[in-house]
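Letters A, B and C mark the chains in the order given here, with residues in each chain numbered from 1 onward.
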Amino acid sequence: MTINNFFQFLVPKDKKFFPLFEKATSNMILMASTLHEVVNMAPADRHEHFMKIEELEQTGEEITRKINLELSKNFITPFDREDIYALTKAIDNIAGNIYGASSRMRLYHIEKITKSIRKLTEINLEACQNIDAAVKELRDLKKIKKITDACARINKLENKSDMVYDKAVADLFENETDAKNIIKYKEVLSVLESAADRCKSASNVLESIAVKHS
Amino acid sequence: MTINNFFQFLVPKDKKFFPLFEKATSNMILMASTLHEVVNMAPADRHEHFMKIEELEQTGEEITRKINLELSKNFITPFDREDIYALTKAIDNIAGNIYGASSRMRLYHIEKITKSIRKLTEINLEACQNIDAAVKELRDLKKIKKITDACARINKLENKSDMVYDKAVADLFENETDAKNIIKYKEVLSVLESAADRCKSASNVLESIAVKHS
Amino acid sequence: MTINNFFQFLVPKDKKFFPLFEKATSNMILMASTLHEVVNMAPADRHEHFMKIEELEQTGEEITRKINLELSKNFITPFDREDIYALTKAIDNIAGNIYGASSRMRLYHIEKITKSIRKLTEINLEACQNIDAAVKELRDLKKIKKITDACARINKLENKSDMVYDKAVADLFENETDAKNIIKYKEVLSVLESAADRCKSASNVLESIAVKHS
């Protein structure tokens, strides 16, 4: 039991952090699903979606700001301050990487989307959905199994993402003759793989919160 | 109000951390301004400045070490330990990135400095000056507006840096035919852009300290 | 004296964290020494060693998980929670980078191992051995000199690693004509250099723990 757990008995149910976390994960899912749509549509149709992802990224930054502000203003928090901070940062980083992938595709004029890119955007979407599911369980920490199950799925997805990335880069070296293209595709693949890493960071925090309250 | 805020009423004004923070930001500004001079001078004159930046980086590391030592030895600190740690790390990282940009330019024999590189060194210098201004305000946390204004400017500069970087890399892919040059310039641009990211990290900590004490 | 130091007088000697830390550093050394063997053997013999490093990386992740679980379950820890967390993360990152170097060599079919690569794997092995020696001293914090000496050696090794890396990349730009090879070798060199950076992170935590208890 931590100091925060102890104080919780003294304070009413949190009405500030949970709604903000849920806003943050909904926004993150929307970014991940928009990007997954982008890589499955014709190049000519993508522009509008790129713009939407950019807007969503700004919305996400605004939510992050609000959470950090609440964190600064409140001595009592629904769970440990460092966990709130770490979870918020992980979600912010996932969003940043999704936006990064989107803007690289746009700026480097990546028209041909490879199978590996599609697999990675799918993995990220699924990982984001699991983070969102786990975050919703934080309101009632009595059934932590749902959280730990979601985290197990996220960790498996991250492992899969590693393998897809490694193979994709090895393929680039093997089959792509234009060094410029190798660099461009590696940039897109690596930021997508990074997003999965950040999902795992979020999963680690969620698991730690669950264990502390079990 | 945090535990640290509470203890502060019991202890005399801090005489250890503030002077060290100010030393660290002065040193960081000097690094940023020396690098901005480098990119505006003839290649033949740069060597001496590269060496100066290397020396300043070592001075900076020494200051970081001293702050961390004070942090380890003192139970009572002028504001939250994790904020001191995070601010120190951010400043150390900014200095590390400025040095990284300088040593890459030197080692990769980058003679032709592009407009984007010059813009980025200018953005970093301005961001460092704003960090320094905000850090000086930490001594008297009654007028936090000066801090939050400096932070708003730093965040705008970081956004600008992102845009300059993205455009510069897209330009490289569009106009540079030599893959080796693409890699070299991307390395220099990315470490400059990273420096602006770290300035934003410093700004986030400064904002958080300001809000906690308002 | 921190809150944790104070509580330590009340609790029996830790029997959970120390054995796990020592398991983690032994595993990390084994990874570093296996990689150093790999770069000194004929390409045809490497496959088995690559597989061994992959297995060890999984063992390491399991140990990390156990430490984080203990951290979540125990209010009283042998030293500050954030230091345990940071030390565990640093060791985990070192192992991740060693594995990363190993899998890149394998996947990119890097047959010709350069002198710089060999130097870097040697530096990493030596740094890992020093981390292990310092971690063993944590059980009895009365003789911190052994810890601070090990940390001083790690910091020197990290500086050396920086220089080897910088020179190796500059050499690639100077002497390698195939851009694809530049990218491949830079990937391997940079993850090896990253490992040394993480060793320095571990060293910083160890030094901080030592100072707090002196």
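The rule is simple: a contact is a pair of C-beta atoms (placed from the backbone, for glycine too) under 8 Å apart; a residue touches a chain by one contact, two chains touch by 3 or more.
Keep in mind it's a predicted model, so treat the numbers as computed, not measured.
Asker: Which of line, ring, star, complete or other matches the graph of chains that touch?
Answerer: Contact map by chain: complete.
Asker: Could you say what rotation angle superposes chain B on its sequence twin chain C, using C-alpha positions and rounding to the nearest 5°?
Answerer: The rotation relating chain B to chain C comes to 120 degrees.
Asker: Round to the nearest whole Å and give the separation of the Cα centres of chain A and chain C.
Answerer: A distance of 27 Å separates the two centres.
Asker: Could you list which residues of chain C touch at least two other chains?
Answerer: Where chain C meets two or more other chains at a single residue, that happens at 82, 179, 183.
Asker: What part of chain B is in contact with chain C in the complex they form?
Answerer: By the definition above, chain B touches chain C via 68-69, 71-73, 75, 82, 103, 107-109, 179-180, 183-184.
Asker: So in the complex, the part of chain B that touches chain A is made up of which residues?
Answerer: Per the stated touch rule, the residues are 1-2, 82, 166-167, 169-170, 173, 179, 182-183, 186, 204, 207-208, 211-212.
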